[in-house]
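In the two complexes below, subunit A is the common chain; its partner is subunit B in one and subunit C in the other.
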Partner chain A sequence: MPSFDTATLPYGLLAPQWILTALIFACLTVDLIVGPRGHRAVGWVAVLGTAVAAGAQASLWGTRGTFAGVLRIDEYSALFNLIFMVGGIGVLLLSFDYAERFLGQPAEFYAFVIAGILGMGLMAQAQELLTAYIALELLSFSSYILVSYARTNLKSNEAGLKYVILGSFSSAILLYGVSLLYGAIGSTMFTDIHAALSGAGASSATVIVGLVMLTAGLGFKLAAVPFHLYSPDVYEGAPTPVTAFLSVASKAAAFALTMRLVVIGLWPVRGQLSDAFAVLAILTMTLGNVVALRQSNIKRLMAYSSIAQAGYALAAIAAFFAAGDIPTEASRGVILQLVGYMFTTLAAFGGIIAFQVANNGRERIADLAGLSRRSPFAAFALTSALFSLAGMPIFSGFVTKLFLFTPVAKANMLWMVAIAIVNSTVSLFYYLQVINQMYGKAPAGLVAINAAEAEAAAHAAHAHEAGHGDDHVGAHGAAHGAHDSGAHPEPVAPWAVRGHTDGMPTELRYPLDRLSIETRVGILVALAGMFLIGLYPSPIVDLAQGASVALFTR
Partner chain B sequence: MGYLSTMTVAPFVAALLIMLVPSNRPWLTRLIALGASLVSFAISLVVLAGYSWQAGGFQFRETYQWLPQFGVQVLLGVDGISVPMVFLNAIVLLTGTIVTFKIADRPKEFYALFLVSVAGVFGVFCSVDLFVLFLTYDIAGLPMYILIVAWGSTRKEYAAMKLAMMHVAGSLFVWVGMLAIYVQAGSKSFDLEFLAAQAQVLFPPAFQQIFFPVIFIGFGFLAAMWPLHTWSPDGHGAAPTAVSMVAAGVLMKLGAYGIIRVAVWLLPVGAQFWSPFFVTLGTIGAVYGGVMALAQRDFKFVIANSSVSHMGYVIVGIATLSLAGMNGAILQMFSHGVMTALFFAMVGALYDQTHTREVGMFGGLARTMPWFTGFFVIAALASLGLPGLSGFVAELLIFLGAFQTYPVVGFLCIATVALAATYMLRMVARAFFGPINPQWTHLRDLLPAEWIAGVLLVATLVVVGVYPAPFLDMINASAAPVIERVGGVR
Partner chain C sequence: MVPIEHVLIFSAALFAIGAYGVMARRNAVLVLMAIELMLNAVAVNLVAFGTLVYPGKTSGLVFAVFVITVAAAELGLGLAIVLRVYRMRSSVNVDEVDLMRW
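On to the complex of A and B.
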């Protein structure tokens, strides 16, 4: 245990974390003042407070230091904290409508999201096993509560129970591994572990068992196959914003901790670890994608898709142990993948949440039928996100996978890249089926009106249009101007009335879903991030490069 | 912004603008789409007129930084091979936009996706950077799935999924080949000119022999090369009119263009080695498509199978590695694109009224729909290679190239023209002449929009058919160096 003097600790380095801590209490206090009706006010306090924390974190970019020896502050932890905060803001924004509609007492909900963000941030900073464990438990406890937050919903309760039991089990394994390591090495500092493993201690049975248990405990948090079994049930049962939170941020936090532990603590045993991660990666991406093919529930589909995406990132961790610049490039790839995945998943869940809020919380993929007519914006967000997850260009998924797989290829693991690319192709198949529901199918409750009614409706619309002079002229300018020389006797363009799209009557009526401003903003932020990385990635690549260099500065 | 970037980005920007238009203003959507397609069309005319074939090489150059970490730059430029393709894409964009004015179902989404796809196609034709070429190649194919499932007909889900998966499978091959080339060349640059100039040093014969077929097959998916063509009849049959026009008119050419630009240009030794193999595949495609077209009863399926046959000629022309064959293949890509766009525009005009495309259901349409019949017959005549229309010159050159190198193939291709004459003329005679089917006496002739599109496309076919010299000079100027590298027949 390092010794330190509480008076001289660099408290300023943790400013963003202090802000988050204060924010948890601020949310609860504001709730007491505004009462249950004013939960949106609490939500906005949470959003703005997190934004302030993110600003503080951004202003600390480039500062390095340690806090009492157990926390390490550098570009790596800063970038991950920013990921969690931005992701958290997105999740909070998307929670407003959902919480109002399906969850009672939303104020504590927001507070626990922030507690989770705090826990994740500490995980990215930890360089000591017990600190890491406590940070992880802060995240886990918040997650347990959030997962079972829909108290009257049976599925949410079941998911919460499963998560608590399996989560504590995995925590226990992790802790057991930590204590074995401590017993053998006499320290829980990552650097001491490194020193001990470099010596003769590496081959002792206690250390090996301890390391295996540690890996299993982290594997649970990463939802890596074969430790993934809880995740589809939990993702399905949890309130949808919480599902988003788990797959966006919780997984990234587990990666942050794993990478730090591997690079600083476990580097001497990298040969064995590389093989282990390669096996985990192949299992995880393949099983995730294959099982996703058979899903009929959109949240379960996203759970398996999330497992598969974690598999891609694990493949790059397997490439950490090659020579030269490859480790830095690989960790840059993982970080970029996590950033891109955060925006992408937020956009996807934004679409799903918008749909669920308007449709009584339905979650079958078939229920998405005709979403492009009822809610074009939600359908657009979900579609873009799915294309991005499949690694298609102009979306972030293409760029991040490029950066993720190139170092893997350079590390002489071209076969791994081949497996990953085949997996991506498989994944496109199930993503396209979701897109087919939204664009190709008619929404339930759709009323097609016959030609006569359509004519009447069009004339009514025309009469209405005539009231707005400019519109009237404009409409005919567009419809006729180019080719009709204005000689058409009918006041209504014929195709406006009898429009057909290769066989489908097109004068259809359908109820439009309404989206709140918060949901729209949340989705827009996610889409903006996704397209920024997809179209102009250089600045974010530079940030990730900085973080990755910091990670390897031992 | 230079000419090429404006031309490429205009449809993309229009797509973004269209997404911001409220959905109760469909006319504004149409106006934006028309504006963007006119801008791109005008620039393509400038490029067509301004390209100097005497000077040769890539012109209208532009350079932008994109991903310096990977050595990726946006290098734009067009040569004699891409100028006709750019013009083809622009005219299909313009006519596709015009004939789709009548669409009433979600016009916003339709135009946005359509324009993104077309912007991707411009990107492929204007890109001198291999990475950007690949990226835009994927962008071009990406929206097709949604366009077909949302606005398509006949077995649309099956067809759309098939197209998407086969496109992605092809990309996979190209992606592997591209990475291999990049790594082999020292992981520095994707600049096609640099890679081509260094090809002899960088790519040893063994490397070329392995990766030439990988890239050829990858692009072959989209070029509808037999036996990778199966997406094409289903896809074209299911797609809505403007999408069929783009898919058959332009997307298939992306594949053939990629074969010329990447496979043949960068890997000449591989091209020599594999030439007989791909000539064989091309010939089988030409004959097979023709035979299949004979058996079809749906307008769109006849045309789609005939497209497979025509793309077979293109593959033959490229793979013979003779100058005449290459020139013919490029001209055939252009002329087939224009002709198929015309075909699908006309079939769409009919289908919107009748909701059937069964050839046998019609008869005597010439009397009720004279304009429609006129345009359709011109397309059919171009398809069977009537002198005076652009298809004739192109096919003549391809056959010439085939006779110079593989005479048997030349004979087989000419036999296929007889097949084409059979199925085209039989379809025309059955549907447009003969007794009128009383069920269809109420049909109206073309809408003004369709008429304008038809006139534009027919004019292009006739002009290039009657006076192909400027086109051929341009194509020849850029095809000759490619053939010279390969050491093919001049």
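On to the complex of A and C.
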């Protein structure tokens, strides 16, 4: 660890991170002032504060430096911080309605999202293993809490328990690897690891075991197959905005750390690493797509889809070993893919959250039937996002995959591109099934407009609920539980006719899904980003190019 | 002076016992304790390397302090979640927490 004088540290370089740190406490303080009913105010403080931090981060673009030798500030870390902050703002906006409906005390929820953003930003800046580990744990701890945030929901509890056990297990493995590396090398700085691996150190058994354990730990955070087993359960059980947060930002943070570690620290062994990443990439994209075919839960489907998309990005990391400009191009491709995936996933989860808020947290794909008629905006957001994930032109997915696979092909790995394209085609199948539900099927539980129809609707709703017995354990929000399960089947008709809403079953309280302004803004931002990358990618390509050049400036 | 090999064998054994505990134990509290064993093995490793192999450097010891602190926080967080699961289901058996396929 390098020596430094605390009086002369470049504190200004970390201005966005200080803002985020202050914001965590600001959220909790504002919560004390406004009380639990004013949680939207807390949410807006979080959103605006994160926007200020993002502005500060953008104004630092082009500044380079190190903080105490352990954090590296350059365009690479700046771009990733911006990704996390914009993604975080999207997640915060999308969680307003959801938190109000399903989570008891949402103020801490917003604070922990910001703590997660801070941890991810530090992961992108770290150039020393201890710092990277602390940043990773800041993110992980926030995620554990967020995943189990729906306290009375059994599924959320279960997801939190699984996540905390498997997450700490994997970080113990990662740490053991780090301790072996430290023993063999005597330093945890990425540059010192680079120097030691260039010498004779690379062949020592301690180093090899250490590297394997380190890679396994990172593979867990990337949810790469075979370290992915926790992720479908965690994604399914977590509150939906948290699922979005995990797949949007958490995975990008793991990629940020992995790429910096590979490029700066592990570059001398990149030949072996490249093989390892190629195997991980093929397993990850294939298994993710194949298992996604059999899913009936939309969140679980998105989890497997997220695993598959991470597999595509891993393929580009496998191309890092090639000569010339190909590594820079490949890292540009990975960054673009992560940016595009962030906007796309936000749009998808925006649609899902809008649907869930209006439908008691239902999450089966079959429940999406007729969404285009009940909530055209949510259906449009989800549909464009799914097309983008499948790699259709005019959506961001096509452009980012083009930039992602071109360097892979140039690195003489055409077979890898072929596997990815086959996978992409397979993925179209399950994405189209969801779209078919939304546009091709009749909506269930349409709202009655006169007495006769109301009577029919009451029966239909009752029958519908009966068919959902298996979902009730997982239905969100026990406070609303009494309304969920057809406990008041008879009085539906009079309420529906008179237009009262109090005490009415929530199924009928949303004649058309009414989206709040925050959800609309969140979805619109995500859609705008997605179409911007799809139709006019050059500004973001330039940013990603700058970040890649900075990454490879050792 | 204890030879470094002895300490490393001790910590490897500790780590292996912990890993076994995570996989074999069904009680969530015991699983968390097993994870704690694995993290303690890491701390033992770091202290051994810091004092025996690199006596002039403090970074190994600093690392160990961080590991112990983070491990304590992790256990606290894990126990809070286990407690919540227990209140909801009256059981902390990880085999019974199976709403979603494990």
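The rule we apply is simple: the second predicted complex is superposed on the first by the 488 of 554 C-alpha atoms of A that agree within 3 Å, B and C clash if a C-alpha of one lies under 4 Å from a C-alpha of the other, contacts with A are read in each partner's own complex, and residues count from 1 in each chain.
Throughout what follows, a contact is a pair of C-beta atoms (placed from the backbone, for glycine too) under 8 Å apart; a residue touches a chain by one contact, two chains touch by 3 or more.
What you see is a predicted model, and the numbers here were worked out from it, not measured in a lab.
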**Message:** Let me test your reading of the model: by the given contact rule, A:517 touches which partner, first (subunit B), second (subunit C), both or neither?
**Reply:** neither
**Contacts of A:383 with subunit B and subunit C, given as first, second, both or neither** = first
**Request:** Please indicate which partner A:442 is in contact with in the superposed arrangement: first for subunit B, second for subunit C, both, or neither.
**Result:** neither
**Request:** Classify the contacts of A:165 with the two partner chains as first (subunit B alone), second (subunit C alone), both, or neither.
**Result:** second
**Request:** Considering only the touch criterion stated at the top, classify A:393 as touching first (subunit B), second (subunit C), both, or neither.
**Result:** first
**Asked** Given the touch rule stated above, what does A:48 touch, subunit B (first), subunit C (second), both, or neither?
**Response** neither
**Prompt:** Where does A:538 make contact in the superposed view: on subunit B (first), on subunit C (second), on both, or on neither?
**Reply:** first
**Message:** As a test of reading the superposition: which chain, subunit B or subunit C, is in touch with more residues of subunit A?
**Reply:** B
**Request:** Figure out whether A:528 sits in contact with subunit B (first) or subunit C (second), or with both, or with neither.
**Result:** neither
**Request:** Touching subunit B in one complex and subunit C in the other: list those residues of subunit A.
**Result:** 474
**Fill in**
Given the complex, residues on subunit A that touch subunit B span 372-373, 376, 380, 383, 387, 392-394, 398-399, 402-403, 406, 409, 418, 421-422, 425, 428-429, 432-433, 435-436, 439-440, 471, 474-475, 477-480, 482-484, 494-496, 499-504, 506-508, 536-538, 541, 545
**Asked** subunit C touches which residues of subunit A in the complex?
**Response** 1, 130, 133-134, 137, 141, 144-145, 148, 151-152, 154-155, 157-162, 164-165, 168-169, 171-173, 175-176, 178-180, 182-183, 186-188, 232-233, 236-237, 473-474
**Message:** Taking the touch rule as given, give the residues of subunit C at its contact with subunit A in the complex, in rising order.
**Reply:** 8, 15, 18-19, 22, 28, 31-32, 35, 38-39, 41-42, 45-46, 48-49, 53-54, 57-60, 62-63, 66-67, 70, 73-74, 77-78, 81-82, 84-85, 88-89, 94, 97-102
**Request:** Sort out for me which residues of subunit B touch subunit A in the complex.
**Result:** 19, 23, 25-28, 30-31, 34, 65-70, 98, 101-106, 108-109, 135-136, 138-139, 142, 145-146, 149-153, 156-157, 160-161, 164-165, 168-169, 172, 175-176, 179, 183, 240-241, 348, 351-352, 355, 447-449, 451-452
